[in-house]
Amino acid sequence: MREDDEVTFGSGAFREERRKDPSRVLALTDGVFAIIITLLVLDIHVPELSAHEHLRTAIAEVRPSFISFVIAFIVAAMQWVGHRDLFTLIRYTDRGIIWLNLLTLFAVCLLPFGSALLSRYYEDPLALRLFGLILIGTSVARTAIWAYATGRPSLIHEPLDRASIWSGLALSVFPVAIYIIAFAIAGVSSQASLAVYASGPVLYFIAITLLRLLAPRGSAERQFT
Amino acid sequence: MREDDEVTFGSGAFREERRKDPSRVLALTDGVFAIIITLLVLDIHVPELSAHEHLRTAIAEVRPSFISFVIAFIVAAMQWVGHRDLFTLIRYTDRGIIWLNLLTLFAVCLLPFGSALLSRYYEDPLALRLFGLILIGTSVARTAIWAYATGRPSLIHEPLDRASIWSGLALSVFPVAIYIIAFAIAGVSSQASLAVYASGPVLYFIAITLLRLLAPRGSAERQFT
Amino acid sequence: MREDDEVTFGSGAFREERRKDPSRVLALTDGVFAIIITLLVLDIHVPELSAHEHLRTAIAEVRPSFISFVIAFIVAAMQWVGHRDLFTLIRYTDRGIIWLNLLTLFAVCLLPFGSALLSRYYEDPLALRLFGLILIGTSVARTAIWAYATGRPSLIHEPLDRASIWSGLALSVFPVAIYIIAFAIAGVSSQASLAVYASGPVLYFIAITLLRLLAPRGSAERQFT
Amino acid sequence: MREDDEVTFGSGAFREERRKDPSRVLALTDGVFAIIITLLVLDIHVPELSAHEHLRTAIAEVRPSFISFVIAFIVAAMQWVGHRDLFTLIRYTDRGIIWLNLLTLFAVCLLPFGSALLSRYYEDPLALRLFGLILIGTSVARTAIWAYATGRPSLIHEPLDRASIWSGLALSVFPVAIYIIAFAIAGVSSQASLAVYASGPVLYFIAITLLRLLAPRGSAERQFT
């Protein structure tokens, strides 16, 4: 039962509220993320033993699908936490935010394919680049929502000062820069590219922790997860 | 915890409220849409390389499933946005709305099959027609909800004037007309039929933008996404 | 943000409220139903054409999976509507309701398998019986929740009079009776058994419409969907 | 529509509320559990009959996948009920709880694989151990959330007394102890190990019922499901 059910006047204003209400956008997004992080488990098949084979050796076959699940899980979890942080800022949705969010979900949906490809062909520059493109897509779409929302004070909970807007933007652009580097060096050294991808989450955690520590009390930067 | 939990009297009225509350209808619908837009990614399999084959050539195999995912995503996203717009109008659900909504979900569930069929046999009139039938089904079901709800003022947030009811109806019927044309010419020219399907989203965006611009401030037409 | 967030005293009472709050039970249930009604679409595969075969003949191959999807959809939709009706009555959950609801979900989860089996072997008594067992399971579990909740006034929104409790119980037991008949005659005539299963939804709609028409204004029976 | 929509001042405080609001964490978690408990049904395939074969004998083939579904369902249901109990205590989330919860979901996601492996190779110590590791993972992650939250009074609904904290901790650690025993004896006797796993839910129910009965009225222990 919703807040407005008890109010019998001015329901026009309430329809307006409901139209701008982000709750269904969040419900769809959480549903997509829940599916994404459980989807790749479907690919971890129980191995069938051939004659004289031991489960101990056969279980090794599931390693690539397990690694691909771990990669997709970590990346999707980071994206979800980032999405949740972003939408604590956004009070109302409009047409632009809804379609930018659908664009984010489009890129997020490709994460399982990207990580499955990477876990299978981690030495191939093409696999490394496609994985990078998907990650760049998710981060760019999220950055677009941040830029769009912070530029429209009527959509956000409280006006942000310039410094907070820029540090939020920097934090969104930061992973993009890492992924572009990994993308660029994929042709030169696949191992170096892999290492840069792997360093992404680590560097991001360090950056976010630094921002939280350095930011003045109560500012937006302290609110990142 | 719900609004009514603190109220200890008149719980009969609250049960009545809860019976008419659309929240579980929306939860089921958002869940179905979340699954639909992520479902087809399962069909994008990582290619297995045969001897002397390069990933660059093998990756081409995933093109049809990728296109089918893109089609299903765009169509489902448009349907979801339309559904969200529609239910900002609807304040209460009754038996009719619940079953009409389940009918909509039935058609929506067939979208992944329709777009997979289309991406594989885009030159076959039958595939084009089945895809059209599914799209017509989703739009007709949604139009039926609009007609049903606008004819029952007790179910909606605010009474709509005749002009708003008709322009909302026109906007719902509009895609149906496009899909019927594409369906009809599928036998004559599959390419023309495909082009009409592809023009659907574009024309819809133009139509909705025009309606938003032309409509008087505060009218229902300005609230479409 | 929840109701209780603003209250700074007596949070013990609020934890108690939250513990009895059915919202997560409903979220899990709606999630399971959303997956169940979309799951069988995965089984409708786009046919691969052999040489000289037309899509028109090949598409016939998907008929059994399509029928199985339709059966599962209708049955699951009816179960969901019944579940929603039931939980408009229930205000609070306790240990018993949570586990009885999980039992319902267990039976609901088997629906896709049951309808796939039925659509493939609709002439085999065993398939008809297994399908019946699953349906009986879902209905018995739901009846158990009705009996459990109506016997505990502290869990429901308003005390029900004896007549409402019994007619609600009758409506829950009614489908079980139909399914038991279909189960029993499966060995004698598979066609008669199929006909009884098919008549189930029709008879249920008639029964519910009669109950709604005959029931006095404002009584619980008028609230069934 | 959320509580804070009507408030036009002090929205900074509301953003703070929203940032700490556990609702999206619960939505993601319920989505993951809904998928997990329905996922393994996908593995129960309708058998294809070979010549002269009866459905009665062919249906036996689905037994391992059915058993694996039953195991995963029971284990996941218990984990979900435990998670729900835990989060009735937690009023606010912070960075630590979000990531510990994601760690729990990671282990939960592996449950379908673990039970599929167990149902197929229930005599193999390795399968028994991997199944045990996954269960230990889920329980340890949940115990970590309990320890983390009870140590931070600002996150929970009401301060817990030492006895409640310890009995809650004991109840979380209890299943871990059972699983470690089953894990340890897997190499000695696979049947004994299986029996210990199977006794887990039974013992847990007994322990929880005892705690509920012995605990003083209104204490946290009476609130376990």
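Labels A, B, C and D are assigned to the chains in the order they are written; within every chain, residues are numbered from 1.
The rule is short, and it goes like this: a contact is a pair of C-beta atoms (placed from the backbone, for glycine too) under 8 Å apart; a residue touches a chain by one contact, two chains touch by 3 or more.
Just so we're clear, the structure is a prediction, and the values are computed from it rather than from any experiment.
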For copies subunit A and subunit B, the superposing rotation on Cα atoms, rounded to the nearest 5 degrees, equals 90
Interface residue overlap between copies subunit A and subunit D, same or different (over half shared) | different
Where subunit B and subunit C are represented by their mean Cα positions, the distance between them in whole Å | 25
So, in whole Å, the Cα centroid of subunit A is separated from that of subunit C by 35
Where subunit C touches two or more other chains simultaneously, the residues are 2-4, 14, 18, 27, 30-31, 34-35, 42
So in the complex, which bits of subunit D are touching subunit A?
-> 1-6, 11-12, 14-16, 18-19, 24, 27-28, 30-32, 34-36, 39, 42, 95, 98-99, 102, 105-106, 109-110, 112-113, 116-117, 120-121, 124, 126-127, 130
Please name which positions on subunit D make contact with subunit C in the complex.
-> 2-4, 14, 17-18, 21, 23, 26-27, 30-31, 33-35, 37-38, 41-42, 44, 46, 55-56, 59, 69, 73, 77, 80-81, 84-85, 88-89, 91, 157-158, 218, 223, 225
